[in-house]
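You will see subunit A twice below: alongside subunit B first, and alongside subunit C after that.
Right, the complex of A and B next:
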């Protein structure tokens, strides 16, 4: 029924908004910035004023002008257009890696933590092996060998090499939860282990899973940019690393063409910062201790530090502070 | 700096005290600011603490007793604010500087720093959290002393040795880290630290909660002796009124942020006059005298947001009348009682009896029968159960050393012991939560392996456990209905009951959570501790088990509602003929409703027998000690028998030696 579904939709939207408002300020800023990137990833190709691959006969990069706000590359490609179009590949790669790697780490980590014994030994060993692998050289070798087919294979390889840290964290958290009374009580009811893991444990780890996801996205984006910079990328498509690669191979620094590497560099840095801010915010949500450290409270015109003596407010009327 | 010739610590009186209280609280009000309305936790409270006296502050959790004590020395953080009243400290050392007394509420941070610890010290409830885990206790004591007294490090170490002996710990334990000490010893260290700079007032916030009765008794005796010796005064906060009757000079009973009765301890021991005080006293099962049906205090405390009209206790009061809504809750002298016996209830008269006179439920009266002779069928038995922890590398700790017990239909067996005695481990072994090292478990005379995967569900449909902590045993993210629905679904093939709303409602009604509509869709955090424990019991009943293992089911609850839960379990015994194992550290509650008592000590059953019999004539020294140490409102400072006292001292020595 449209009558009932519309209010429910609005109610859901309102709940999201209320939840957003309660977030720590760091997370709010981070989410706002990330939203811009996601929006650009969706509509960037239509916003781009020029064809990023366009070449002119000019032989020098052109500085920022009204026509080319972020300047051009040595071959006359518009840097702004390259960034706007490249956002999609970078964001998709980051999110895809986040989803795959987090799923892997949650499954392996929670199972190892809950099951214990030999299952734990085996899964922990697996995670530890992946942890000590030299990731970047391996990536260079594997991706250099694979045919360049786009973001998905890269995401899979990045996930395969990047899930282990999250799994260790999930395992530790699960081990602290598994002996909580409500988990024992679920066993007492007679629930199967997989049900306890999925329905009792995981919902209580949402904060940690979210933080792990954000951290993995951060790792994936930085790594993919680094790889592209080294030339291990799919050149038929644009992403942030490609721009930096061309800037480097086009001797942008020697030419003094700062716009060629500063604009894409700052774009990557701001994206990374938004993810770090979200992670800090999530940390504060899940760890009340971090919150209390900033718990100076304003009472009237004064703010109170946690170590101050209890305020005395005479002639107090409820709601006046 | 002090010249070396002076004594290390200025323990001597320097200044005469004006007559009157050492701590004088008048009209103190404290609010917790909140977006959904301020919680007015302390409302216009007057209280005096006289030098050398112990004032006991009692009441249910949330009654404002801790807020009052911490607020009076301004240790609460915002959102707590003091909204009115005065707190005056009259110390000997400050008499010259502050002839009219030190005004705590007008003082600034620096002024308060001079008062805290030096004049007013605190012993916190959780000694593990109050001590720094990475520092030796010696250094912690010395740091505390040197923060308040200008003395040298060597002098401070001398003082720390003096202090630690004073609280009954050997000097060589000073080098220990907090985790190397037992709970009782940590609390003694806290007391030593509190007394380190000779304060005049010591606030003790539930200092013995979580300790075993035997250790509790030892520490309370210690406090009384030290008080005689050093002359400080104590503000003793506890939910356990019976404990106050043993040590306090005066008792202050709080309810809903207000004082409802304050009286010399002797007057309270004889029953008190306020219906709430009587209710609290009536909530403690007794160890002596006839076994009576206790009533407890039905209902829950009011919401403390906003104003309260009249007496806040009237919805739970057996004597409530319309006029209760008009009274102003000011304290008045009780006619016919000694001076200083004040109450807020204007309708009391000495000698008024409760409408339902205490019902004696001993065998002789025929009200309720319980004896070993007419035991029902044997359902579950553990034979020679043993559980070792550790192994592989490191040394083995035996938590349970060959324990046998039998659970019969329609009977309650109580397993009584101190923490660490292995009693909870037995519940876990019997429930299949943990694998035993050796021994047999028999269900209906047949040997069974509870923890084996193929048996687990079938076994769970016969044997269910209720956990100790009602705040932890429900998944905080799931509704009440989810918990019950899952339990019904898992066992529906055996019970033949569908996991339907009707069945959920039936379970809620069985544990008296009415109206069911209200509780069905509630989340655990919206329920009180007692209500949560009922949900836990309902969940256990969904499997329609024949055995219920109740692991300290009421120890985390307020005394006033413990009885309701115990009565509910007793009802399951009678009506559903469940075989029940009741695990507790409180032998009085075991006497109250168990048929048989097993006393456990260091992994072994030291004595077993019919409940009444065992409590009346304990034969083993440990049982005697346990009974003598249990706080009992009826007997003041009951003497510990000689043999038991020796055992206690040996236990303490062993504690020191083993750690």
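Right, the complex of A and C next:
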């Protein structure tokens, strides 16, 4: 039926909106901020008022003016344009790493938790080794050897090194689900292990997968910005770290050119904050005890003793990333 | 003891992995390390090039297996080769000079951050909804700020604008390292800003985790019993509550050390601090592969030993861990 497609689409949209409205306020704010970044990642290059690579004859960075809202670099590049254009590379790198690493951690974690025995021992050992590896030094060494550093190798290396934490959390959750009735029933019916993992276990871990994804994106963005800041990047297209790298190598701090590093730095920090807020919200969603309501705030002022019996849900979820 | 045995097996595997990664990386990576490393030496005769290449270990002899065994042999003897950028200094000498700086600064800052964060977390949970608890999101958002950005802000504020603290290098120029007051005080004032950066960006994480676990712990019945017995609030908070709630934080400490080192790496580069991180950065920018590999190996081993230490503390703090196998 041709008419039903439009209402169904609208119904779907409405369901998303209702779901959004039920989220804790922290998650709402985080999602709103993140949406702005994703929007800028899409349309940023058309919004940029200047060519970010433009150079003028000036020799000093110029402070914020009406022409250059965020000031300019020492060579006259417009910082605002650099940020608007650089958003795309940073956001794509973060999301791509999040998708790859989360897929890996879900597969490894769920398999280890469900299969148990030697498979579990081996996979857990692998995850634990990756957990204690100092990631940034290893990244610096690997990317130092690679002749071409850029987004693709960085995303691959970041994913290869960033899946272990998520896998650990997924494994713990799977082990608690493994002996539930619906899983036992599926096994009794004769479902194959991969089918049980994908269709029975994973839908029950959506919240955890989401939290793991957000945490990985956060890690990927901060690490990639740090790498670019160190100059381990290709400078052919802009990202946040590149701007900060040029600010540092142009001794912006010593010159007092605060706009050159404060604007891109705050841009990264706000992006990171939006992800942290989303994860706080997801945490509160799964653990009502963490919610700070107006009532507990009132109690706090009256030196409320925490041992007072309070009606709370008893299952604490250890899932703070 | 099953716990300790299992963890020891894990550490053996992790050390093996760290050494093996270090062995494999230069052998699978594209790009000609030899030419880029030798490009700094001008006008070399082919014989000299050959001799240097052998000295730097660029032409290993024998099969891959014998190379691997030889590599293990040299690692066990702390023979990490010769630095190409600071020829003819041995890599182990350079690491010996730089490692104490990093260990002192990062070690003290990390322990301080852990202690402050855990204590604040205990208080935030105890006074649920109080001002500290409400300030918590703000503190954790500090974590979202990149290390180096915060460092740049602190440098601008305290070193350039106010001129209170020095920045860059580990001590003032003109002083020579030694046991005298001028050098030690200079080293301490130079380490305040880097340490502050590490603490500011990491304290929120410890605090949040401690607060979340503490909230669960203080609603247990035995806390109520302790209060009913008339024990002082402080005793209930620390001996009954915090002692049990701190366990996940200790376990988290062992795991997060890798990230601590990573943050310290960036910090050292921003402050030009003479530690291993800054040296690693210089090694990468000057294509000094032997030094790069050596530093990575030392960093991994340092993280692993610190993690082992945290595990032992955990086993002492939690009697259950000694009998039950922990992930």
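Please note the rule applied: the second predicted complex is superposed on the first by the 285 of 321 C-alpha atoms of A that agree within 3 Å, B and C clash if a C-alpha of one lies under 4 Å from a C-alpha of the other, contacts with A are read in each partner's own complex, and residues count from 1 in each chain.
FYI, a residue touches a chain if its C-beta (ideal position, glycine included) is under 8 Å from a C-beta of that chain, and two chains touch if they have at least 3 such contacts.
Remember, it's a predicted structure, so these values are computed and weren't measured experimentally.
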Problem set entry | Contacts of A:191 with subunit B and subunit C, given as first, second, both or neither | first
Problem set entry | Partner chain in contact with A:10 - subunit B first, subunit C second, else both or neither | neither
Exercise. Is A:36 in contact with subunit B, with subunit C, with both, or with neither (first, second, both, neither)?
Worked result: neither
Problem set entry | subunit B versus subunit C as contact partner of A:145, first or second or both or neither | second
Exercise. Of the two partner chains, subunit B (first) and subunit C (second), which one does A:275 touch, if any: first, second, both, or neither?
Worked result: second
Problem set entry | Touch count on subunit A, higher of subunit B and subunit C | C
Exercise. Of the partners subunit B and subunit C, which touch A:47 in the superposed model: first, second, both, neither?
Worked result: neither
For this session: Identify the partner contact of A:200: answer first if only subunit B is touched, second if only subunit C is, both if each is, neither if none is.
Result: first
Exercise. What is the shared patch of subunit A, the residues that subunit B and subunit C both contact?
Worked result: 297, 299, 304, 306, 309-310, 312, 316, 318
For this session: Report the residues of subunit C in contact with subunit A in the complex, numbered from low to high.
Result: 10, 13-14, 17-18, 21, 25-26, 29-31, 33, 125-130, 133-134, 137, 140-141, 143-149, 152-153, 155-156, 160, 208-209, 212-213, 215-216, 218-219, 223-224, 227, 236, 248, 254-255, 257-259, 261-263, 265-266, 269-270, 277, 280-281, 283-285, 287, 289, 292-293, 295-296, 299-300, 303-304, 307, 327
Seminar exercise, completed: So, in the complex, the side of subunit A touching subunit C is made of residues 26, 124-125, 128-129, 131-138, 140-142, 144-147, 168, 171-172, 218, 222-223, 225-226, 229-232, 244, 248, 253-254, 256, 258, 261-262, 265, 268-269, 271-273, 275-277, 280, 287, 289-290, 292, 296-301, 303-307, 309-310, 312, 316, 318, 320
Seminar exercise, completed: Contacts from subunit A onto subunit B in the complex sit at residues 180-182, 184-191, 200, 203-204, 295, 297, 299, 304, 306, 308-314, 316, 318, 321
Problem set entry | subunit B residues touching subunit A - in the complex, by the definition given at the top | 30-31, 33, 37-38, 71, 74-84, 105-109, 112, 431, 433, 456-457, 460-461, 464-465, 467-469, 472-477, 486-487, 490-491, 536, 539-540, 542-543
